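Dumping the structure here so I can ask a few things about it.
Labels run A, B, C, D, E and F following the written order; every chain starts at residue 1.
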Amino acid sequence: MKDVTKLILEDGAVQDRRIYWDQDIYEQELEQIFARAWLFLAHESQLPKPGDFLTTRMGEDNVIVARQPDGSIKAFINSCPHRGNVVCHADSGNARSFTCAYHGWAFGLDGDLVTVPLEHDTYYDAIERPRYAMHPVAKVESYKGLVFGTFDASAPSLRDYLGDMAWYMDSFLDVPGGVELLGPPMKSILNCNWKVPVENFIADGYHVGWAHAAALKAIESPLSPLAGNQAYDVNTGLQVATRGGHGFGVIWDAAAAIHPDGALYRDWIAQREPLVREHLGEWRARFYNGHWDASIFPNCSFLYGTNTWKLWLPAGPHNIEVWTWTLVEKDMPEALKQMMVATNMMTFGTAGMLETDDGENMEQCTGSNRGWVTRRGKLYSGMGQVREGTHPELPGIVGKGSVCESSNRGFYRRWAELMSGRSWEEIAREPHYAPNRQVA
Amino acid sequence: MKDVTKLILEDGAVQDRRIYWDQDIYEQELEQIFARAWLFLAHESQLPKPGDFLTTRMGEDNVIVARQPDGSIKAFINSCPHRGNVVCHADSGNARSFTCAYHGWAFGLDGDLVTVPLEHDTYYDAIERPRYAMHPVAKVESYKGLVFGTFDASAPSLRDYLGDMAWYMDSFLDVPGGVELLGPPMKSILNCNWKVPVENFIADGYHVGWAHAAALKAIESPLSPLAGNQAYDVNTGLQVATRGGHGFGVIWDAAAAIHPDGALYRDWIAQREPLVREHLGEWRARFYNGHWDASIFPNCSFLYGTNTWKLWLPAGPHNIEVWTWTLVEKDMPEALKQMMVATNMMTFGTAGMLETDDGENMEQCTGSNRGWVTRRGKLYSGMGQVREGTHPELPGIVGKGSVCESSNRGFYRRWAELMSGRSWEEIAREPHYAPNRQVA
Amino acid sequence: MKDVTKLILEDGAVQDRRIYWDQDIYEQELEQIFARAWLFLAHESQLPKPGDFLTTRMGEDNVIVARQPDGSIKAFINSCPHRGNVVCHADSGNARSFTCAYHGWAFGLDGDLVTVPLEHDTYYDAIERPRYAMHPVAKVESYKGLVFGTFDASAPSLRDYLGDMAWYMDSFLDVPGGVELLGPPMKSILNCNWKVPVENFIADGYHVGWAHAAALKAIESPLSPLAGNQAYDVNTGLQVATRGGHGFGVIWDAAAAIHPDGALYRDWIAQREPLVREHLGEWRARFYNGHWDASIFPNCSFLYGTNTWKLWLPAGPHNIEVWTWTLVEKDMPEALKQMMVATNMMTFGTAGMLETDDGENMEQCTGSNRGWVTRRGKLYSGMGQVREGTHPELPGIVGKGSVCESSNRGFYRRWAELMSGRSWEEIAREPHYAPNRQVA
Amino acid sequence: MNAPTHVKTPANPRYVDRDTLFEVERFLIREARMLDEERFREWWHTQLTEDVHYVLPVREVRMRADKKPVGSNPGAYVFNDNYPMLDMRIRRLETGLVWMEDPQNYIRRFVSNVDAAWADVAGEVDAWSNFIVYRNRRQRDETVVWGTKQCRLRRVDGQWKLARRVILVDQRVVLDKNLYFFI
Amino acid sequence: MNAPTHVKTPANPRYVDRDTLFEVERFLIREARMLDEERFREWWHTQLTEDVHYVLPVREVRMRADKKPVGSNPGAYVFNDNYPMLDMRIRRLETGLVWMEDPQNYIRRFVSNVDAAWADVAGEVDAWSNFIVYRNRRQRDETVVWGTKQCRLRRVDGQWKLARRVILVDQRVVLDKNLYFFI
Amino acid sequence: MNAPTHVKTPANPRYVDRDTLFEVERFLIREARMLDEERFREWWHTQLTEDVHYVLPVREVRMRADKKPVGSNPGAYVFNDNYPMLDMRIRRLETGLVWMEDPQNYIRRFVSNVDAAWADVAGEVDAWSNFIVYRNRRQRDETVVWGTKQCRLRRVDGQWKLARRVILVDQRVVLDKNLYFFI
């Protein structure tokens, strides 16, 4: 195992470029991060009825996620324990069981082996069934409808894993009726390292005015003045890095800002915000009406407000698959949901005007590291490090302004912790980054 | 070199999934298996005249196989010792010598350097010719027309290498007139590990009823009732694993069963079977009229009866080339030969109805192991292990019924032996698998 | 680091085939050769004015080469130190600065960071600019208009690096008015190891008569009789290997020989040769009218006379990009320059009749080494080794005749020296190859 | 929005006459060249009806037995644009600030298998055609998109115009970083 | 069976008139769409003569000087089907038990370079065309097959039908796991 | 030599009539088949005017704002051939000594998006078309080239002949080892 001590320096502000390129580091990520961390699987709304299933990936492992007859959700690896065949090829559906196309073994909704053709005449009824269950995902848990899974039985609970990020996300998850994800997911590819889009979403308010200048102009929204960095005020937002590597930036009063015709959405927010304030208090009412760029460690991102939900699936050190859904509140009227979808598709769908800008940058940021000398260099994300600190009322490390790199550093600190191979307990015990500075 | 002790367990019934995916294991296979074992090169009938040659591959090494003026067959690596150019680009033909396109060196039918342009004026007649012969295949031998080669001068004789499998294959090789392979070979690709099709042919009677259900129905042959596993009787066949990793399954009285209109072939068998019985005895007359699925270790397979002959050429851990010929008896009338070809093409050619089913499964069985967690799991082929044993009249380990995994296990036991890197002598000396059970 | 002692034997005449295939050797080349040696960047004529820039590659590293306001030339890695984006996507142009598309950082012509959007509001004016300059190429120097760069600050001067090769190249570089490169460069790909074309150009007069037989016939030039090796006289040329791995072969009185209608060029030579003789002496006047095949270590080649200039850019162990320009004397009349271009394009352009022959051979010479057994073999370039030696008037090791492999061996001796990882000083100190034989 | 996963020719298509088919083919070929040449504004002004509906659905991989209807109020699509939305996309390209478009990309559209039948509405035709779009960028970035498109053309003032286009890209996972170009 | 490795246009082709060429092109384009839409039974019933010969040979790589005849009683071919054999292939697909066909694959056929000449037999034409078949399956399984096909068409009851097709796939090694689809 | 990086259709093309377009399309399709069938000498003799100009430029990647003219006296091009130069290339192929051409390669040309307008010179047309060339060699060597070509055709003695061709391959880096074949 590679010693990662030197790969992340200055409290997460300096990264060795090899972490975006080298195969051995990538494999260590599959082992130390993707085989241990909680990974996003689905939203419960995608699996309303028993027998509903969908297929997704955890790292590079194919899994089936299925609603059980008892209403719980289980997940297991989509590969037959007999000779290894992929068992289910549908994106989603409803099933009583999953039958392997090779020899016809059938598995229940929980992954257990239920049918073995010619069992009596070939196995002489001596087949030891539990041995041949599909490999289970060790733990599957939900947080307010969001379903995650981990391959590591020793991982902390999902609630503990999300930590302070859950407190923040409650701002929109814990609304009356809750949220749902609209799909099917769009899927496309990017020739980039999986961490590059994660950091773009977790902390990159900086690129908006420059990389998206054309789209901001064309959309003619309240955000248009940002084009070309013509306008920025450090007091219009902030950034948060939470302990578990999760984080986000927020622009106040901007949830509906990117929508070309946002009146419907603004009305909705105006009507719902008091409920949020009453239920969750002042701060979270402010977050409810903010526009967020955010990532949940390791590879799930979202923009609250826009309202795009992303999964960045690793496929080698320089390749990912991008999956995109639209996040909406369940109680929104149908017309508003359609508008949320339309805005998401127009901005961050496969032909989205901002998606296009980002994808290009993400690929080029990765590809330049092909150079042997280039790869021995560093990258830097020190923006705002001199002024970040703790906050009297908000958890986590707080950075000033939405244009900041605090949560980028938080992500890489967590990355280094897990990559070290230490146990969850060891990591929890040890001291962690705590700047001795308070942010008002 | 990787310690393979843990990769194959329970006498070959449990395989570590990494053997289908990892690059380092694959390279060890090239070294310990493909650079040592006897590999199928050709049938003598493909090279009737002196100067006839064909090009093929041993592992990933390109070789030329040529009929010598004295009637013997030699093989050598198809790469020029000067600067490495590939010398011969034709699939086959007739030649007096092979001339390199780069600088014009010419090599004889035995691979020796015969012509060096400008030799006098540039090498001053001091060129040490034997040093520049094309790299010879260490040994080339035939067994009843089937030509094999090995790069390992210390390998046992071909007859010893085939061992008991030769005794079984005599059932159809040792008929009056012998056999021949009709070609040219079809060539196609599969994104699968090379061992997956080998095990499909060596031992997989189990998939026939399920994976090929549609084809069995459409062909309307005596095998149609197998579709969907509607019919199976353990007494209708058996399976054999021979010491060298070779093996097969047989269904009695079924040689012609897959042929849509098999009358011509059945008549032929009826006419020839008495000759076989007289010459080779009762058992082999039964085998002569059986339908076989079989593999010769490491990467040559065939279905006797259908009558397809396959070579699975490795091209990386997840890729192979598939080469396909038709096996016929030389004395068959032309019309019957044409029918044999037609059936083979319709079933196991590149557009063959069963080939199509198998290829898909083989790719998916390999591809699922891309997942890091998946790959740390096992695969299982324990079918029939509790009842296999020795047989009073038949050599090797005998499993009951054609649906069984005995020869799969035999293949992996041999695989582990060779992968250990021990010498042929060491392997031969050590005790090997011998279940203390007798099969009637 | 791999011990290369056994990879090159017999004073460079025997090469282990793995050096054309193995990934680990290739990576050692990137480190020990491409990150240390002087690499060709441009000809000064391509950057006439301040602000003129072009993009190229050093090994696999993308670099920008720019003419500075003070007239000097600098080069730096084309990747943004912020998050790694590629900064400049144009082949060439004129610029005042280079602006990154991701967050808008702008860099000066010297690679220094000059503009940071929102600097005051996000970095609080505390950004340490020198840290964020684009990574500079350690040294950039010119030799008579040819610009080279090295990433190694400890490398000797360019003049010392070129050594005796500079003395020879003066034959055409040091003419009145000097030379220039006409472009834009053609770019194409070859699936070959980068050393294969280098050795083809440095020392391979041998293949001309055979590999190019068809083109020689079709072109109907004074070289046509070479087709099929119908004519060769050892006294019509010679070959030189200089200490630094550079080398060339020459055919006397043949500079214009390949031109289908060479009168214009022959007239030019006749007119200029006396000037060269006067300025540089008899030998170099002979070289001036010779046809050269040559390579400058490690990956720049040219044919003086034809007049093609090549850069072989490595892109993995089995892949390169081929870049092609036309070399002309600046004082040539426009019509002659056009003819030089036309001949180069017709012979060694992307559709060039000889380029086509060579590319095929280079790919096949590389690809055959895919075979595991093949790759454990050797390649040989011993031609003329028994008669090469020192020369009373010419520097370097001199081989007899243009068909010889002396400079091939010189190239591999240098390759082994640098691959050893020893410092430039160590290499310079140690004894080197010096055959105790004199060539008249 | 009409978002089929696989489509079928209607039972008894009323195939158009040769003259009309010729015009349809000219329309599609010249439109493709217009887009290859980046004449987007001209395209918007001259080739589209103002009620145009431009659709590229997300195609799911589902079992044949799965009869869940697709296409009504979908939660995802690549394009589902009307005339002003197409205008917005073109205005973005016209800013000169789309960095990935500078230097200019090579995008080449191949039109084949053109066929057409009269639609239910008088003066309108349904045209089928298959497409390949080849995109080459920067030094070596190369991708290809394959599929079919169904176009409703309407004759307006003697000119054919595009009133609806449903593009089916034959991929579940779009094997490129985006599909923002017009097909 | 006619199994050429490389083919040549006959010396003096009697090219068909424009009306006939139009019909030939319609035949090939509509047939391709029929196959893309999986209307195999309809194809078998309406587009083929009952004496149809459907051929896809194996192409060898041989030196130009090697004059060994190819094509007589070959020992290998990908297709060499008559009407009942094609029926058998379609019956297999109709069982619903071909697991690799569920979920449905995307297969798209591109027809180009159509040309035609009168055959020796009255009322029959020889049509040339080039084809590309794009296949995309599962999540990301993608392959392309390229080549040319020569078709003998016969007019039966006023309809053109396919009487013989020789498909040349421009590959020695088929770069896909099978070629079981109709081209 | 005309060496554009990106081309535009002229402002008001005088599109040819259907009869002429049909002839142009036949010309391009039959020419492609002739080249696929390696009838190079016949092509040279029958399809080209003696003042033919056959051009394939090198395309640079430059910023849109970079107005440096391209195309005049360029220092590089892939083809810039006249009639004798094309003859020389064909003579090379005819020697039988081009080792990379033996065994024979598979090269297949796909012609699409054919369109044409009258040129300024009477009796001449400018034809646009897109092309794909698929090349498959040896066992598994496979490449594809994509682009467009603009052809000036002239009617000579009742036959169309190629007087000028500008081929744009849509690549900065040619993604193949050479482009020596005719497109």
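Definition applied: contacts are C-beta pairs under 8 Å (C-beta built on N, C-alpha and C of every residue); 3 or more make two chains touch, one makes a residue touch a chain.
The structure displayed is predicted, hence computed values, not measured ones.
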| item | value |
| --- | --- |
| Minimal step count in the chain contact network, chain C to chain D | 1 |
| Chains in simultaneous contact with chain D and chain E | A, F |
| Shared interface numbering between chain B and chain A [over half = same, under half = different] | different |
| Euclidean distance of C-alpha centroids - chain B vs chain C, Å | 48 |
| Inter-centroid spacing, chain F versus chain E (mean Cα positions, whole Å) | 28 |
| Touching two or more other chains - residues of chain C | 89-90, 101, 187, 211, 360 |
| Set of chain E residues in contact with two or more other chains | 61-63, 96, 99-100, 102-103, 110, 112, 132, 138-139, 172-173, 175 |
| Chain-to-chain touches, reported pairwise for every pair that qualifies | A-B, A-C, A-D, A-E, B-C, B-E, B-F, C-D, C-F, D-E, D-F, E-F |
| Contacting residues of chain A [partner chain C, same complex] | 17, 20, 196, 199, 206-207, 209-211, 229, 232-234, 360-361, 364-374, 377-381, 383-384, 386-387, 401, 403-404 |
| Interface residues, chain D side, partner chain E - complex | 5-9, 15, 18, 59, 61-65, 110, 112-115, 128, 130, 132, 146-148, 170-173, 175 |
| Chain B-facing residues of chain F, complex | 99-100, 102-103, 138-139 |
| Of all residues in chain F, those that touch chain C in their complex | 56, 58, 60-63, 66, 68, 73-80, 85, 88-89, 91-93, 95-100, 172-180 |
| In the complex with chain F, residue positions of chain D that touch it | 22, 26, 29-30, 32-34, 36-39, 96, 102-104, 106-112, 132, 134, 136, 138-140, 142 |
